[in-house]
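I'd like to ask some things about the structure below.
Letters are used for the chains, namely A, B, C, D and E, taken in the order the chains are written, and counting of residues starts over at 1 for each.
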Amino acid sequence: MSTANPNVSPPSAPDLSQVPGSILGRDSAVTKVLLRRSAAARRARYSTIKIWVGAICAALVVLPVALAQLLPLPDPIVGALSESSLPPFSPGHLFGTDPNGRDLLSRVLHGGQTSLVIGILAIVVSGLVGIVAGAAAGYFGGWVDTIVSRLLEAQMSLPLLLMLLLVVALFGPSIPVITLVIAFAQWPEPARITRALVLVEREKPYVAAARVLGLHRVSIIARHVIPNVLQQVLVVVLLLLAQAVLLESALSFLGAGVQRPYPTWGGIISDGRELFVTGKWWLVTIPGIVIALLVVGVNLVGDGLRDRVRRAKGDQS
Amino acid sequence: MLTYVLKRIGQTVLTAFLATATVFVLLRMAPGDPAANYAPPNPTSAQLEAIRQQFGLDQSIPVQFVTFLQHLFQGDVGTSFFFKRPALEVVMERLPYTITLAVAAIVVTALVAIPLGVWMARRADTAQELGANIATIAGQSMPDFWIGFVLLIVFAVNLGWFSPAGFDSGSSIVLPTVTIAILQIALISRLVRREMVGNLAAPYLTVARSRGISERALTWRYAFGNSAIPVVTALGTRFAAMLNGVVIVEVVFKWPGVGELVVNALKQRDFPLIQATVLVTVVLALVVQLFVDLLYPLMDPRVRLGEASA
Amino acid sequence: MADNLLTVSNLVVEYRTGKEVFRAVDDVSFAVPRGGTLAIVGESGCGKSTIAKALVRLLRPTSGTIDLDGTDLAQLSEKQLRPLRHRVQMVFQDPYGSLDPHLTAQDIVAEPLRVRGEKSRKVQRDKAAELIDRVGLPKTALDRKPPEFSGGQRQRIGIARALASGPELLVCDEATSALDVSVQAQVLELLRDLQADTGLTYLFISHNLGVVRAISQDTIVMRAGRIVEKGRTDDLLSRPQEDYTQRLRRSALEPGLMTGIKPRHLIRHIAASRTAETEKAS
Amino acid sequence: ACAGPKSANSASTAGAGAAGGTLSIVLNRNLVSLDNKLNQYDAAVTVQRAVREALTKIGDDLKPELVLAESFEQTKPTEWTVKLRSDIHYSDKSPVTVEDVETALKLYFQVKAGYVASQFPEQPSFAKVDDKTFTLTTKTPVVTLDSLMSNILITPAKDNKAEELSNGLGTGPFVITTADTGTGTYKLTRNDNYWGEKAKLQEINVSYQEEEGARVIAITSGQADVIDTITPESAASLKTNSDVDVIETPGTRLIHLFYNFRKPAGHPLANPKVREALTYAIDHDSLIKALMNNQVTSAEGVVPKTLAGFAKTGAYTYDPAKAKKMLADNGGAGLKLTFIWEDSEFAGASRVLEAVSQMLAAVGVTATLKMIPKGGEINAWRRGEAGDWDVLANGYGNQTGLALTNLQGQYGGTAEKEKTRDTYHGFVVPEITALLDQAGAEADEAKRDALLGQAQEKIWALWPAMWAWTPNNVLAKRKRVAALKLRAINSYDLGAVTVSA
Amino acid sequence: MSVLEVKDLRVELMTGGSVVRAVDGVSFHIDEGETVTIIGESGSGKSTTAMAILRLLPDDLAVISGEARIAGKDVTGARKVINGLRGRSVALIPQDPMTALNPIRTVGRQMTEAVRVKYPKLGKAEAKARALSLMEQVHIRNPAKQFDAYPHQLSGGMLQRVLIAMAVSTDADLIVADEPTSALDVTVQAGILDLLLELQEQTGIALLLITHDLGVARLMSDRIHVMKSGTFVEGGPVADVVDHPQHPYTQKLLGAIPELGPWHDPAVDAPALVKEDSRG
């Protein structure tokens, strides 16, 4: 029922919609407090808060990483063994040093350049592939679904690290290969969610309406179905960023990471793994926090932007 | 329905076969050498050759494949190079551990993440929700072994509540389960939250409220019921992924599951063992997926399975 | 009758629910002359929407033919159908669900133009704006999205979208049910004008006999998937032959003709005969 | 040539009495079996020998000691005569026969490319003399046969197989109660019928945990009593733990940055001067201090100094200026080197190599680091089949306590062997090979050592390694564990170990 | 005491950038056995009025002021009051039938669930029997079959009747019906309206009716209010408003009704039975 739907804008009553200030003047029951607590105001406020908090979190990571070359940082590859394993907040080494005496801050920032590229490209690729394949499977059904679903299942059931290692072993651990491998590892998740959502979505009347217009099925998927499930799928895709960066760590750990001694987050983390319990907690924890900060930031910005768009749209949900 | 299931089972057999075949070929194409792994240090060519012969690796890949198939049809996946026992037997020994951990982890995840997601939807756009989001996302973004170690240090070493190395006492499943759950909760709770926010505002919910249906029923039977598909899908996907092992967690907690097995098998290039694992986990994952797919029409009667769109 | 745009013969449409098969449309035949309007009235649940969906081939008929200007649409594949799609358009009964919630009104109406090959974004948008104006929506509606409209406005967007395809046949499924009587009059006027200008053909599904009378030349009356009566609209309304048609006619409520408070007798015997009939059937 | 007869369990009986107790050992890899026909690694030896014993064992000073044998004498250059003890029997009290020894020896050679068999220069032939006596004969003299036989574990002939045994009988102080090869967990209980002094422990639980960090947690939480072969970092942190003792002994494993000797003439690395020059670039003191927690010793020769027959031939020195100069003088300036190593070949391998690459950079040498994942791929590299490389970082273990084993394995290459790439990275110097062969056949220990010393001097002069070092064996145990004596071969006698409640 | 008493009801909607006064001070009352109808422009606030009375607008969207009493109980205050009334004393027939039912549960389950809100002691089978008989009363063919159907398997009109049946099943004192027959063909509509009238005669149920069908309004109402832009522009006894509309908007509405023309009803053998005044 459309009237339960709190956002049917007044088609013929523009005079009734007033700026909050003036309606408060009239004999209105709307108080400033109520207004502040209203869903729309809260959503607007929190979308801004989320965007800001998220942007700050992400910027705290991304900006220094992007500017790593320009910042007055020690060399990320060269260190002095005499400064081996200094804890955080040691003079000259905010994040401390690794056993080789290299400045961890510098390594994290320089390493971030590779890791960000790998992580972001990987989720973009896996997101795109997953969404397209999942949507095709869900929408077309039939043999397309069979092939995509079986592929998904086969891949998901193959031990992930095994496949990654084999592929990296075959093609060598270059950044494009690692990126693709990680993307390949991650596409099932968005694909399955997309497929599930599309299975429901394709039965909705507006899809039928689009068919009647003579839209090609591909256009229906691209213009109608995907945009309507995208938000849900993005929940998954954006969260995969952490996994993408950390998968590189698993690869590094198994000896299939990016060429030494060039740092990556994954590499730093995997190197620090056996040292973690021996008291050198910062080698893993700090890059971990950096990744968490980035992923929290990206997801909050995503949330915030979505709510913002929604507000402009005036949708209620 | 029955035909659909039968069709899916047929496809499963095919998929399992193709997956195993792919792994078979990939393994043999990838660098690495089983012979070198099972030879003494600094082996001579003659020693290597002897081992290859013993393992049947001296033949060409197609010939090896045909032999593999012949054995496969007799139900023999081969003998583990490392364990010197039928590979399938080794895998089957580990499987209960993996399944136990996966079930425990998925149950805990669902029990925590779903109410959390519902709570977040009800508190949409509040400081509490923001806090829950930040905490869960940060949790899932930390390296898995980090979480494992921190839990171990806190609960096993400092508090002494749980034993650190797994499977020797009932409570030792707790920490690995919690570790895995921490990695899943963000996703599930956020999915639930997204769907619930939409469904809590759906017209049918308001109408049901007008009929005096209790808020609890509205939340769970109506709103959550309509949110279930993506959530169950995500749970199913994660569960299936866990069935081939939660490698790091298994390693850290010494949980004798399939994941640890297969990573070691890979390091040792234990081809038959890897093939056996793949065979078993493919079948398992396919069963889980089939199960999830069969749930769809129950969760939403509009969904039609296995049909091309009209 | 020589120039029929649409000829439907022996149409049967079935729904599959679980193991059962439900025949929603049972051997229905009719024709719509080019530039004319055929109305379908009938009991709710009798299969009107089903016929409409079959005509635009959202459903594949079990049997029968749907002859559009010499082409049988009934069993064409999606691919064969696609180039013909724009010729038959439909306004959906459910105005809420049939609009993509994430597109603006303008995008929704522009879409068929794009499908028909209009490349320029500007032309698409201009034409869409013009159509939106013609169905009586204000300029401010252009950039709003479906959830922001009232039921009646949504319905009008649906009409504009269908018209944008430049169809030869327009199937209107309860296209004015959510409209205010004054807005309804305006929309009917628009449809009549279009017919006069472009020779558009309508298949008009409605339960409002006044609307049917205002728009259609011919009418068929349906019940339980079958046609019970067909004829000229005026004849049908003034001299209904079949029992059910008479009852329909009798049930129509005209406020100007009523007297007294709650004149229940006006409907009581209709309800009574209906109940009697149901009892007989069961 | 064998040290005088000693009881196998000579450890002190003081401390915890026969009351027993349970010991939990967490190894760093799967034990797989309680047998060593195919695999043998340090930690396994300890456990395997708790169940199955051999005729001899490698003692504290790396000399062979008698266990099941009452005597083990070289009676002719090519013949050894062995007499079994009369008081020995299996855990079910059945006697140990010479046939058991014959079968064991035969089966070790039957498994394809078994680890133990590969240590023997040739398979000795067995001849029974009487119920307790037999001879072992070889074609060429094998002076170290008493040491080598320490790895042939004896089990009843009827139960022995040409494969690894996870179960069954032995003569050792413990018996197997449960064995799960799949999960790598074993439970051993005291052999109350042990022929020698009974074990102190009632029960031993053996499991494994590859994750070093988790092992450290296991011992700090008290779940494990002993973890062995631990990394310098773990050792450093465990040393600060008041409940844990860290035990160190000098090891027998040599780790080196070995040059590729298959370089064409004319290549800078084919020039010993260049190889020498590079050694001056390595600041080993810093490496040892910063990355190895002072738990290694820089090599002073070409084999670990713990080994019998070791000769001190020189020491590695750090002198970057000299390195630079020598490189420039010998056409090695601006050298580009590719380092390869297998993942986890030794503790902290990648840290060490990254540090080395920095040190080389300081003398103008560019190092490319290539870690080869586990899986045997390294073998192809080492054989020169997978790609070109210049320096290999790897370890060379020793189970016999003899320098000769190392020297023959690494420096006894021949042109013949090099045809199938079976030399140690192309190291073929006929003169040295000849010396080693001579030493191998020399029954007189003094003469043999002299020959070996000569060979080692010659090898050192060729600078085969950029740097070499010997890590200590490091083991951590809870304080309640006593009488644990870690030997140079990185194993210890479980029978003596005690645990207080 | 009136069943429903509304005094100076205002509903202010706090939307994105503004506050919309959707309902601006409406007052009316409905006594037992009475039907009051609101007709008017689309978007004028008819549904909002209904939703406000039932307190179905979220608190963080709508601010309700003024007074609304159902059976004397003020429902604009604490939510507990209305929670106790919904589904028991007051029932709603919603406007858009196609989206008003939970898409993933069968029609039957939702009906029995509704019945058991008021009659929790009713067994499953009894509730089902009651639901089936109600479905029959609203002229749903083959109710046993439709009972197990999902909402998407029913036509718009059938769904609307299901919703009506659910409202009726509660034996409420007040039914708020928002365009209850908009999707029904006229014969079914007649049946439904008859059912409601009969109910009213028998139980004295009060009815708040919202419709844009003036015929329905004329037939059903005691009083009628014409709404435009949130306020009532005109109101009074039904005959007065329909026969002598005062406000220009009302006049415009009445003028836009499509004519049906005269017809011959063979049943009464008189050209215009409807003209006849047969009150008996």
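Throughout what follows, a residue touches a chain if its C-beta (ideal position, glycine included) is under 8 Å from a C-beta of that chain, and two chains touch if they have at least 3 such contacts.
All figures in this text were calculated on a predicted structure; none of them were measured in a lab.
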Original post:
Which neighbours does subunit B have in common with subunit D?
Top reply: A
**OP:** Please find the path from subunit D to subunit E through touching chains that uses the fewest steps, and give that number.
**Re:** 2
Original post:
If you average the Cα atoms of each chain, whose average lands nearest the overall Cα average?
Top reply: B
Subject >> Inter-centroid spacing, subunit C versus subunit B (mean Cα positions, whole Å) >> reply: 51
**OP:** Go ahead and note the Å separation of the Cα centroids belonging to subunit A and subunit E.
**Re:** 48
Original post:
If you look at subunit A, which of its residues touch at least two other chains?
Top reply: 1-9, 11, 39, 42, 165, 169, 203, 217, 254, 273, 276-277, 314, 316
Original post:
At which residue positions does subunit E touch at least two other chains?
Top reply: 41-43, 51, 56, 94-96, 99-100, 152
**OP:** For subunit B, jot down the residues that touch at least 2 other chains.
**Re:** 31-32, 145, 149, 153, 202-203, 206-207, 266-267, 300, 302
Subject >> Complex interface listing, subunit B residues touching subunit A >> reply: 11, 14-16, 18-19, 22-23, 26-27, 29-32, 124-126, 129-130, 133-134, 137-138, 140-146, 149, 153, 186-187, 190-191, 194-195, 197-203, 206-207, 229-230, 232-234, 236-237, 240-241, 243-245, 247-248, 258-259, 262-263, 266-267, 274, 277-278, 281-286, 289, 293, 296, 300, 302-304, 306-309
Original post:
Can you list the residues on subunit C that touch subunit E in the complex?
Top reply: 15, 17, 41-46, 49, 93-94, 96-97, 150-153, 174, 177-185, 188, 207-211, 213-214, 224, 234, 237-240, 244, 246-268, 270-271, 274-275, 278, 281
**OP:** Would you mind writing out the residues of subunit D in touch with subunit A in their complex?
**Re:** 211-214, 216-217, 231, 233-234, 236-237, 240, 283, 286-287, 289-291, 343, 348, 350-351, 353-355, 357-358, 361, 369-375, 377
Original post:
Which residues of subunit C touch subunit A in the complex?
Top reply: 53, 56, 58, 78, 82-86, 88-90, 92, 94, 96-103, 111-112, 115-116, 138, 141, 144-145, 147-151, 153-154, 158, 161, 165
Subject >> Touch list for subunit E against partner subunit A, complex >> reply: 10, 12-22, 24, 41-44, 46-48, 50-51, 56-58, 60-65, 94-96, 99-100, 152, 178, 229-230
